[in-house]
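This structure is in C-alpha cells; I'll ask about it shortly.
When the chains are written out, they are named A, B, C and D in that same order, and each has its own residue count from 1.
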Amino acid sequence: MSESTSQSATTAAQKGGHGAPAPAHGGHDAHGAHGGHGGPHLAHHFDTYQQQFDAGKLGIWLFLLTEVLFFSGLFCAYTVYRGMHPEVFVYAHYFLNTTMGAINTCVLLISSLTAAWSVRNAQLAQRKLLVLNIVITIACACTFMVVKFFEYEHKFHDGLLPGPAFHPTEQVWELESFKHKHPEAAEYAEKLTKAAEEKDKAKAAPVAVAAGSTVAPETGVFEKPTEEQIEPLIKAGVIGPMAEDPTRPSKPRNAHVFFGIYFFMTGLHGIHVLGGIGVFIWLLLRANKGEFGPKYFGPIDYAALYWHLVDLIWIYLFPLLYLIH
Amino acid sequence: MTASISTLASAASGLFGAEPTLPKLPDSPYFWMPPSASVTTGNTDALWDFMVWMSLFFTVAIAYAMFRFCTKYRAKSRAANEIAEKTSEHNTMLELTWSIIPLFIVVPLFVGGFKGFVDLRTPPKGAMEIRATGQKWKWLFTYPGLGTPDDALHVPVNTPVRMVINSVDVLHSLYIPSFRTKMDAVPGRYTDLWFKATQVGEFPIFCAEYCGTSHSDMITRVVVHAPGEYEKWLAGTIAAADSLVGVDRGKMLYEKQGCATCHSTDGTPKVGPSWKGAFGKMEAMTAGPPIKVDENYLRESMMDPQAHIVAGFAPAMPTYQGKLSDKDIDGLIEFIKSLK
Amino acid sequence: MASPSATADVVAPRSSSSDNYLTHDKGVLSWIFTLDHKRIGVMYLCSVLFAFALGGLFALLVRTELLSPGHTIMDHDTYNQMFTLHGAIMVFLVIIPGIPAALGNIIMPLQLGAKDVAFPRMNLASYHLWIVGALFMLSSLAINAVDTGWTFYTPYSTTTSTAVVPAAFGAFILGFSSIFTGLNFIVTMHKMRPPGMTWFRLPLFCWALYSTALIQVLATPVIGITLLMMIIERTVHIGIFDPTLGGDPVLFQHFFWFYSHPAVYIMIVPAFGVIGEIIPVFSRKRIFGYKFIAISSLAIAFLGFLVWGHHMFVSGQSVLAGTIFSAITFLIAIPTAIKVFNWITTMYKGVIHLDTPMLYALAFLWVFTIGGLTGVFLAVMSVDVHLHDTYFVVAHFHYVMMGGAITAFMGGLHYWWPKFTGKMYPEKAGRIGATLVFLGLNVTFFPQFILGSRGMPRRYYNYLPEFQPLHVLSTLGAYTLGIGFLLTAFYLWKSLKNGKTAAANPWGGATLEWQCSSPPPYYNFHKAPVVSAGPYDGYENLMYDEAIGGYIPRKSSSST
Amino acid sequence: MADSDKPENADKEPKSMQGSSEEQPPEPREDATAPNPKLEPTEQDEPEEAARRDAPLVADGHSGHDSHGHGLAHTMPIWMLVSVLAALMGLTILTVSVTSFDLGSQGNLVVAMVIATIKAALVVTFFMHLFWDKKFHLILFMTALLFVVLFLAMSITDRGEYQRNIDLYQSTTSTTPSK
C-alpha cells in the first residue's frame, strides 16, 4: 500500500485518534518488506488477519469507551444544572427549533444505516455499493452540519449566546412556539409588560409581581389571572422568584447557562461529526481503489462503529435539549 | 452605621499596626499537634495517637523483616550461584489473614472518624453566630449587629460558636489548628464550622485553600476571652464609638478593611494602584477614556470596583457596597487626599 | 520463564551489537518517525528524564525559597508559579508517563513475547502528542507562568491573570497521549500474547500495566472534558463553574478528582509492577502469592474510581458523600497491604543480591509503607479535617509519588538499563546514588509530616517563624536528593560511553525480555518464544557466568 | 467489574492463541523476524502462509457468535438493518409527538429518556452488531456505562445534598450575573 495512505493513517490517529486502530493495516512498509509475509494489508507484527482484525476491533471499542466518558462530563453538568434551575430549561427550550432537531436526528439515523451497510459491502467485497454507501454517509453528515450551521446562525442572530454575550432580541412570550403552546399566558405577559411600561412613564412605583399572585391589587389594572395565564410564565421563570426583574415579565436568572451548555454539547458533537466526515472521505478514497474485501475491512468497520457512537450521543442530546416539556 | 462605629472602637483600643503582625504559635504539650483548645479535639487526637502507634508498629515490623532477611539470606556472590531453597509459593490462609487484619483495624477507624466528623459538622443549637467572609487576602469577621471591629476573631471561652463562612471572590479555607477544624469558604454559598473554646488565649488562624498571591499572608488569630472579658471587649468596642473622623477614620479603615493588602501608601503599586498622590491624577483606564481621580471616581471604585479599572491592573477588588457607611467613604477619601 | 528449550535459544549470551534496535536504522528521522516500540520508549525515556530535571529544578527553587519565612530568593507570585509548574510537570509530564510509556513501552512487548505493540502508529502518535502537550504547558511558562496549583481549582483558575489556558490545554493533550498508550497496552496484552502465554503467566509488570491502562482509558477522558470546560468557562464564561454566573465551583472539584484520584493509581500501580519484577529476581526465588498480587492490582484500579471525594471532606461536600467516599477509601488499604506483605515474604529464605535495583526496591518498601500508612490518617474524616491542605498531605503524597513512583522508576531504570543500552552502569556509584536518594527523600519529607500536623498549610510562601527549623531541615534533604540524582545522571551518562558491555541476562531474570540480546534485536526475538512456565520459574536452571557477567542456562537442563 | 471479567478471558484468550499457534509453526515467524529484512520468503513456508491468509474469512449470518475460526466477523443481513432503521425512525416520531402531552412533573423527561435508551440499545445491538460480537466488548461497553453512572450518581447526590446552602445564599443575597 502506498506511503501516502499510511501517512494519512498516522494523521488520522493523531487527530484525536479517530483513525486510531487504522495503524493495524500499515507498518510493514516501514519495517521493509521482509518476505511475502502477510500480504498487502497484514501488518508485520500480526500473524493472521483474524488477529489484526480483533486487535483493531478491541482498540476501537476501547476508544469508544473513552468517548462515552468524555461526553459524560457534559451530561453531568447538564443534569446538575437542570436539577438546579429547571425554569431556565423550560424558558430556553422555546427558543430551540424542534423541527430542525428532528430532521437532524433522522439524517444521522440514515447515515448510521448506510455506515452499517457499508461494513456488509466491504465484507462481501461489493465495491460499487460500498462506495455508494460511504458517499451517502458523508452526504448525510454534511447535511447534518449544514442544518446545524443554520441553527447556530439563527441563535447568533437572536443574541442567544453563552455567558455575558447573552442578549435575546425577543422575549420568550413573543415567540411563536410559546404563543402556540400557551396563548393566554402570552397575552397576559404582554399586558403585564404594558402595565409596567405605563407605570414607568407615570414615574410610579414599579408593578410588583410576586409568584402566583398578580399585579398589586390597588392598581386594579385587571382581575386575578387564571392558571393558564400564570402557570407557564412562572414555570419559565418569566415572572416569580426566579425572574431576573421582579417588576415586570423578564427572563430567569442565569438563563445564559443553558445556551452555554447547548453550544458546548452540540459543538463538541459537531466536531466529532466533522472528524467522522474526514475519516469517511479517507476511507472513500481507499474503497475506490478497491482496498477492502472479506480479508480486510477493519477500517470500514471501525469507522462505522465510531459513527454509530456519534449517532448514539445525538440520540440523547436531541430529547435533552430540544424536547423539554 | 454600627459597622463604622464599632470599627472605630478597635481603632480607639489601638489594636492596629501598619503590618498585620504574625500570631505566635502557642507552645504545645504534644510533639505532633498544636495545643488542643476546643471540645471537639478529643476525637481527632485520640484517633491520631492510635494511628501514630499503629504506623510505628507496622513500619518497624516491615523494616525489621527487610533488614533481617537482607542480612540473613544475603547471597555470598553471584559466582557462588546459590540456589534459594524451595518454600511454598502461596498460602491462601496467610493471604487471607493479612487481608482480614487490616480490615479489622480500619473499620473502627472509619467509625471513629465518622463520629468525629458528624460532631464537627453539627453545631449545637443556640450557638453564637459569627460571620467569616473570606476575600483576597483577609478574613472579615462580622458580629451580629456589630460589623467588623477587628482583624482578629474574638470569642468567649466555653461558649459554642458557629462560624458562617462565605467568600466574595475565590475559594478560601478557615483553618484553626488548635481547634482541629477547618472549612472552605466557597463563593456563592454558605458553609459553616463550629467550636467551643476551652482555653483562654490566642491561637493562629490560617487560610488553608490556595487563593493567589498573598494566600500565605491571610493569617490572623482567634482571641479567646476569659468569662466576662468578652463582654468587656464588646462594651469597649461600642463605647469607643465614633471618636475618629476624616483622615484618621480613613487611615484606620485603610488598615482594618483590607485596603492595605492591595494599595500601598508609599507609591509602590501592589495588586491595586498606590494611593500616594493618587488624588487628582488623570488615570488611563483599561477601557474607555482616562478619568480624573476625584471624589466621584473614588466612591465609584469602592461601591462598584469593576466599573472603571486603572490601566495595568487586574479587576481584583471586591465591592464594599454595604460594608462602608458614607462617613467611612468620606473618611477614606480624606485619607487618600492626605497622601500627597 | 520460558521453557528450557526456549532458554537454550538465547543465541548470543554476550550481546550481539551487530544488529540491534539502536543500530538498525541511522539518522534522526529514523528515530522521530520510528514505529518500533523500543525506540519510542527510549524517546519517551529521554523526554521524561528531561522533564524530571526541570521539575526537580523548580522543586529545589521552591525549597530554597522556604528556607526563611517571607522573601528569600523570589516574590509571592514567582513562588506560586514555581510550585504550580513543579506540580504540573511532575504529575503530567513525569510520573504519569514515566513507568508505563517509557519503561513499559520498551519492556512490556518483550516480556510478552510480542513483536511490537498492537498499534505502532498510535504508539508514535502518543509520543508526538506528549511533545505537543509538553510544549503547550511550557509555553505558559514563557507567556506568564500559570499560578493556580496543578489542581486548576475554579474560580481562581477562571479569574487569575496568568496563562492558564495554554497549561490546561497542554494537560488536555497529554491526556490523549496517555489514553493512546493505555489503549495500546490493553489491546497488546489481549491480542499479542504468543502461544502458551496465558494470563497467569504474565509477568506482574504486565499485570500492573494492564490495570494502569484500564484506569488511563476510563478516567483520562473525564479530565479532558473537565479542563476543556474550565478553558471554555475562562474564555466564554458559560457559567458552569463560576458562581458569579450561576455555576458551582465544588462541581469542578468532583470532575477534577474523578480523574485525578485514579490518576494517583496511574502513577503508583506501575511502580508495584516494577517492584514485583525486581524482588523475585534479586532474591533468586519465585514471587510469593503471584495471583493475589496480580488481582490486587486490578482491585486497586477499580476501587480507585470510587474514592475521589476523600479529597473534598472540607470543600463543602455533603456529609453523606464524604462518608461513602471515606468508607470505600479504607478498602484500598487491603489490596495494598497484600502486595507489601507478599513482597516481604518473597525475600524470606531467598538468596538476596543487594545490587542497585534491589536497593531501590527496598527503599520503595520502606518509603511506600510510610506513604501508605499516612494515607490512612487522611482517610479518617475527622482527622482529615485537621490535616487537609497542610504539609502532612504534601509529605504523604510525596512519600507515595516521589518515594514510591520515582524510586520504583529509578529501580526499573537500573534493572533494565543493560537491556536498554547494552551497557552496565557502575555498580558502586549506583549504590551510593541509591543511598543518597533514600536518605534525601526521608530527610526532605519526614519533617513535613510534623509541620503539617502542627498546622502549617501547604502552598505557603510566608509562614510562622516557629516552623522555620523544620523547613530548613527539609530543604537540606532536598539538596541531598538533588545531589543523588545528579550523581545518578552522571554515571548513567558515562556508562553509555565506557560502561562494560552487558550480558543478555545480567541479573538472571526469567521473564522473556532477558532471552533476547542486550540491546534487543530490531524484531525482538530471533526465534518466537514458546512459553511453557510462569514468569518467575526456574531460577535454578540459570547459572552465573563470570566470563560474560551474566546468566546462562545450566548445562544439565539446557538439553531438555 | 474490570477484574471480574479477567478470569473468563484468562482461559479463553490463551486457547485462541494456542489455536492459532498450532496452525503456524515458528518457522514463518523466524523468517518474519530474520536479522536481514531483505531476505525473501523461503519456499517451504509460503504455501501454508498463503493457505492461512486466503482462508474464507466472512462468517455466514448465524455462526458468528464466536468468530474464531469462522472468519473475521458477523455480517448483518440487509433486511435487519433496514427494519432497525424503520424502528428508530418510528421511535423518533413517537418521542417528538409525546412531548405535546403533559405527563406530570418529570414524566416527559422519563419517557423521553426511556425512548432514547431503547433507540440506543437498537443501535448498539444491531448497527454496532454487539450482539454477535465478542462478549468482552459488551463487558467493556457496560463498564463504561457503569462508570458514567457512578460518576453522575455521586456528583449529583452530593449536589442535591448541599443544594439548600446555595438556595439559602441566593435568597439572602442578590446574585444576578454582572453583565
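One rule holds for everything that comes next: contacts are C-beta pairs under 8 Å (C-beta built on N, C-alpha and C of every residue); 3 or more make two chains touch, one makes a residue touch a chain.
Keep in mind it's a predicted model, so treat the numbers as computed, not measured.
Taking the mean of all protein Cα atoms as the centre, the chain whose own Cα mean lies nearest is C.
The chain pair with the larger count of C-beta pairs in contact, out of C-D and B-C, is B-C. The greatest centre-to-centre gap from subunit A, using C-alpha centroids, is found for B.
Centres computed as Cα averages put subunit C at a distance of 30 Å from subunit D.
Put simply, the C-alpha centre of subunit A and that of subunit B have 44 angstrom between them. Averaging Cα coordinates per chain places subunit A and subunit C 38 Å apart.
Across the assembly, subunit B contributes residues 188-189, 191 that each touch 2 or more other chains.
Taken residue by residue, subunit A touches two or more other chains at 31, 44, 51, 54, 58, 62, 65, 69, 72, 76, 80, 84, 164, 253-254, 256, whereas all remaining positions touch fewer. For subunit D, residues that reach two or more other chains under the stated contact definition are 20, 29, 32-34, 37, 136, 143-144, 147, 151, 155, 159, 162, 165-166, 175, 177-178.
Chain pairs recorded as touching, per the definition above, are A-C, A-D, B-C, B-D, C-D.
Those residues of subunit D that touch subunit B in the shared complex are 162, 165-166, 168-170, 175, 178. Against subunit A, in their complex, subunit D makes its touches with residues 20, 24, 28-29, 31-34, 37-41, 46, 49, 52-54, 56-58, 67-68, 71-73, 75-76, 78, 81-82, 84-85, 88-89, 92, 95-96, 99, 102-103, 107-109, 112-113, 115-116, 119-120, 123-124, 126-129, 133-134, 136-137, 140-141, 143-145, 147-148, 151-152, 155-156, 159-160, 163, 166, 175-177, 179.
Touching subunit A in their complex are the following residues of subunit C: 33-35, 114-116, 118-122, 124-125, 128-129, 176, 179-180, 183-184, 186-187, 190-192, 217-222, 224-226, 228-229, 232, 236-240, 245-248, 251, 255.
Note for the complex: subunit B touches subunit D at residues 166, 188-191, 306. For subunit A in complex with subunit C, the touching residues are 6, 9-10, 13-14, 16-17, 20-24, 26-27, 30-31, 43-45, 51, 54-55, 58-59, 62-63, 65-67, 69-74, 76-77, 80-81, 84-85, 162-165, 253-254, 256-257, 260-261, 263-264, 268.
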